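By written order: A, B, C and D. Residues from 1 in each chain.
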Amino acid sequence: MIRVGVIGCGYWGTNLLRNFAEGASCGLAAASDLVAERLAVAKRRYPGVKAAADAAALIEDPAIDAVAIATPVSTHYELALRALQAGKHVLVEKPLAAKSEEGKHLVEEAERRGLTLMVDHTFLYTDSVRLIRELIHGGELGELYYYDSVRINLGLFQHDVNVVWDLAAHDLSILEYVVPQRIRAVSATGLTHVPGSPEDIAYLTLHYDDSLIGHLHVNWLAPVKIRRTVIGGSRRMVVYDELEPSEKVKIYDRGITVEEGSEEAYQLLIGYRAGDMLAPQIGLTEALKGVVSEFARCIETGARPRTGGPEGLRVVRLLEAAGRSMANKGAPIEVPDEG
Amino acid sequence: MIRVGVIGCGYWGTNLLRNFAEGASCGLAAASDLVAERLAVAKRRYPGVKAAADAAALIEDPAIDAVAIATPVSTHYELALRALQAGKHVLVEKPLAAKSEEGKHLVEEAERRGLTLMVDHTFLYTDSVRLIRELIHGGELGELYYYDSVRINLGLFQHDVNVVWDLAAHDLSILEYVVPQRIRAVSATGLTHVPGSPEDIAYLTLHYDDSLIGHLHVNWLAPVKIRRTVIGGSRRMVVYDELEPSEKVKIYDRGITVEEGSEEAYQLLIGYRAGDMLAPQIGLTEALKGVVSEFARCIETGARPRTGGPEGLRVVRLLEAAGRSMANKGAPIEVPDEG
Amino acid sequence: MIRVGVIGCGYWGTNLLRNFAEGASCGLAAASDLVAERLAVAKRRYPGVKAAADAAALIEDPAIDAVAIATPVSTHYELALRALQAGKHVLVEKPLAAKSEEGKHLVEEAERRGLTLMVDHTFLYTDSVRLIRELIHGGELGELYYYDSVRINLGLFQHDVNVVWDLAAHDLSILEYVVPQRIRAVSATGLTHVPGSPEDIAYLTLHYDDSLIGHLHVNWLAPVKIRRTVIGGSRRMVVYDELEPSEKVKIYDRGITVEEGSEEAYQLLIGYRAGDMLAPQIGLTEALKGVVSEFARCIETGARPRTGGPEGLRVVRLLEAAGRSMANKGAPIEVPDEG
Amino acid sequence: MIRVGVIGCGYWGTNLLRNFAEGASCGLAAASDLVAERLAVAKRRYPGVKAAADAAALIEDPAIDAVAIATPVSTHYELALRALQAGKHVLVEKPLAAKSEEGKHLVEEAERRGLTLMVDHTFLYTDSVRLIRELIHGGELGELYYYDSVRINLGLFQHDVNVVWDLAAHDLSILEYVVPQRIRAVSATGLTHVPGSPEDIAYLTLHYDDSLIGHLHVNWLAPVKIRRTVIGGSRRMVVYDELEPSEKVKIYDRGITVEEGSEEAYQLLIGYRAGDMLAPQIGLTEALKGVVSEFARCIETGARPRTGGPEGLRVVRLLEAAGRSMANKGAPIEVPDEG
């Protein structure tokens, strides 16, 4: 039984607490939060857990094997580094760190010490995303044309990251997991509508070597909640809607056909092919349960996590590129391939 | 009764034929199409109409007062110019012309001759778009934050224009009508997935002087049809969905609130306000009926059409800017304010 | 070319006019309507057509081969009878007649004279309904459990028939076509909310010999339009939604499983099986085009129409049974099997 | 702080455990379940709670003030009676009891002892249902025409109650709360499709003195989950959809208009009025939290609960009437007004 301490008992930390408390191979041993009230709630719910305002105490506690960090992004680096240095395995809420240099350091530190460093890119542990990866990697969609995601809703504003770091981080982690091609450059445009606040709406265009294009719309100021990704391929197309209660992934047997042209005026040379739609049955297991299992499996076996340090660092690099592009009127910013 | 001749009896021409045939102040007098079969269908349906393969005959016919042109974009200029020169009033399918110089010439020609030149930007004659204009101009939405449109579906590919000229032309005409601010620059990225064909997917970002941002996603390769515009304002937000059978415009009493900050860690300074949603009853009159009425009204009174030559030219300028941006890796292309 | 005269140029008659005018093997030759304005509209649209206020003139016209009747239900019998007696083939708007005795007489008259008598049960000519019939008859759904239809919207009130004769007539014709079993008895409850008007809301329960149950909800007073049928079977289940733009028929690989019981307390013996959903591509040809083709085919070949007199009479018998049940507090009314 | 013991730690019991554990005025003190595994899970999650396999021990425990019963319906009576006799306040999962005599006895017992007896008709503690009640009681809908509910989904089969007792119990409790009129009689038709199992699909018609009609469709064998109630009134109409994420209650300014008739043939006398739709902002507080608060409030003040014994008994009487009607081919069964 891996004894885990959770740092940060806010919205996401609460979910971590529950999943570690109820998980099979991990056990919840300690919790920490600077806000006394939150810590009290956690303590009331899990009376057997050690509660400490100070994260350092938790990190240094020899009775703790691993640490899960669900604090503001700006604190990820320091907390994760101290935990690794204290010999703990680390699960960090996404994104891994606020800067790629920090992320790189964490990856190296974990590597050197032989510790598991994992980022909680939750969606990669849903059956929907796994199915989409299989469809693409198995060639079911044919040649990829585009990957278009809309992830918008009202709030919550965060004061230490903008909407790109908050929402697009999800899309970038999914995209890199399901698409075999690598993003070469990122263009982004973002705006803030509250003076002094980070960007609340942004559009990202992702450039590839071939004729694949990626595009993300993230927005904290939308009156409705939309979570929809459309993926176009030469053989089939997919609509992935997280908010659909049961038919989250729809596979359309649709595409284009190129016919022999004719001489006749106004004639269209290209048509479309419209076929059936299939919505496979999707398991509804909570994704975070899969995160916890993967974390435990990697600690026990030394395996590399699906969303380990390098994958988390890659997302940070992409987020940084988006930020630089936003500061440069949307100019494409290249992203190096290596970590 | 204004006697109208329709040039081009394809998909849209068929709708024009019907609306002129049944309109009150206009009458359908002649039809022309290079494709014999189409002309035969039109002739069978409207036996009293003069049918001619040659558009020139129709244009020169002294029994014709006005001409409606629903042919490929590349032919708009020549046909419209000849019609104006023959003293006919002209209604052109959108966009006005394939180049802004051509459009400018048409505007000047119509001006000089005192003829009505109108572009069939159909959506501006729907109750939905008129309502949205009133909401924005009346201050109901407050300060505008963003205008985001998704207009995607499968096909139809067109061989003489790309998806921007086909689909974004709708959005640009709507946007310029409902938003008081002027677009200053356009950034666009587009791709083609059929060698030798025009772009089939594109993203346009529209830049303004203030913190308003516009964004359009147009796509001929989507497995599902989406026609949805989200407009964010400081007081209210609108979702406009053309495909909704009855609730096409939804007004959300939602927005952000900026509260006094506190010293407490992790505290959010900005919240959101969630209120009621109102979907006003929308009239379902066919928009093209309004186009035909407006055309007749302007011919009879000499009034300037809601979608006259200058408005049509403005859309062409924006489309050209998008094209230039696509050729320049998405660099913002400025759009001059004047015609 | 079969020369057809259309009696009644209202909402549905207008669609008949258009389909006969544009059909391949039928031609529109004459039109009749008591309302002068409607007739004028028809005449303007189809100038070559003979227009007569008096239906009798149309019926007696030797230049007419067949008559399509789209008048109020109460006039179907007399008009259809006169047309058959004048040697014309007859297509009647649904339902066939206002009483089963009238319907029976029409069936006999057409039989005796060797004329085609067909009822315009339009939905049987959609690809959706044909697909559902194939699924059920081919055993794809397994044993049928239930057939549940909701067909509700606002208006239009009709003064000569109630909501059952107006809307449930559609469902009953579909149901009898797609389900092999025969309805044995009908229970119905209906209410009127406008004094002196026919029922505006009704619920019909359809009883079978086996454990299949049918149920229809029809309603002229609903704020939203719903057209949805759910069909449950032991192997698969179908949701048929006419208003879905493309995925009108969804086939769910879902059902129940009966497991070996255990002794443990509270244990559930029966579970459910949740599998994929498939929405086959559905053709979108206008159903009325199929009606017109079928009418022409039967006239030309002497074949029995899919929705001939006997099928139309069966629907009238079911509607009558519903009426008797409504008058008897919902008591089940048996429906004889024979015509 | 009221010390509560929860009997039954299954699906719903788990929710009760959580709400009592986290509630303000109640505290979770004990839990009981015949299934050892469930009890272990509860014990692990709430280590401070007394766990007992035997409900009797919990009921007799003097450290317990109140008991919440979430066991199969057939056991409600005995457990609740013993708890009342032991001087405990009682919250029973719906329905109150398996028979009205049992329910009546419980109501009398609680009355005699001055104890709070409450039924967990959860939906009455949602903001949606409260809003609908206010709209109807405030006259916003005008004269009520109909109340139509569809509550269908796949599973879960229950072995001790049929689909009416499981699902229609929700609708009947809501209906009696929001509609001022009293149900006079119930007609019902139900079928089972698994030999030896309770009915899995049923239709209930609810008769009133005036021209209001109620109708419920409940179904455990539907491939899709639907939770939708349509309420028609002379002034406005409501669509209530529990599954809508934010717009759960939509108020349509629609209805019928009765115009002066004319002499013209085929003229419709009755039209419809189509106006705006308003979806008020609905609070999303968990309903069960409101149940727990109401239970505590009534225990502390002696107030009668919104869903007390008499209200629960009324629902049982209606369910019994439905059962008798199902056994009598759908014949209407009168329901006495008094408890």
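What we mean here is this: contacts are C-beta pairs under 8 Å (C-beta built on N, C-alpha and C of every residue); 3 or more make two chains touch, one makes a residue touch a chain.
Nothing here was measured: the structure is a model prediction, and the numbers come from that model.
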**Complete:** Comparing B-C with A-C, the one with more C-beta contacts is A-C
**Prompt:** Farthest chain from subunit D, comparing Cα centres?
**Reply:** B
**Message:** I'd like to verify one number: the distance from the centre of subunit A to the centre of subunit C, where each centre is the average of its C-alpha atoms, in whole angstrom.
**Reply:** 52
**Prompt:** In whole angstrom, what separates the CA-based centres of subunit B and subunit C?
**Reply:** 40
**Prompt:** What positions in subunit C touch 2 or more of the other chains?
**Reply:** 224, 246, 274, 277
**Message:** Considering only the defined contacts, which subunit D positions touch subunit A in the complex?
**Reply:** 21-22, 44-45, 47-48, 224-225, 243, 245-246
**Complete:** subunit C partner, complex, touching residues on subunit D are 10, 34-35, 71-72, 143, 145-146, 148, 150, 152, 154-159, 187, 189, 191-194, 197, 200-201, 203, 205, 211, 213, 215, 217, 219, 221-224, 230, 232, 234, 237-239, 250, 252, 254-256, 258, 264-272, 274, 277, 329-332
**Request:** Provide the residue numbers of subunit D that touch subunit B in the complex, in ascending order.
**Result:** 246-247, 253, 274-281
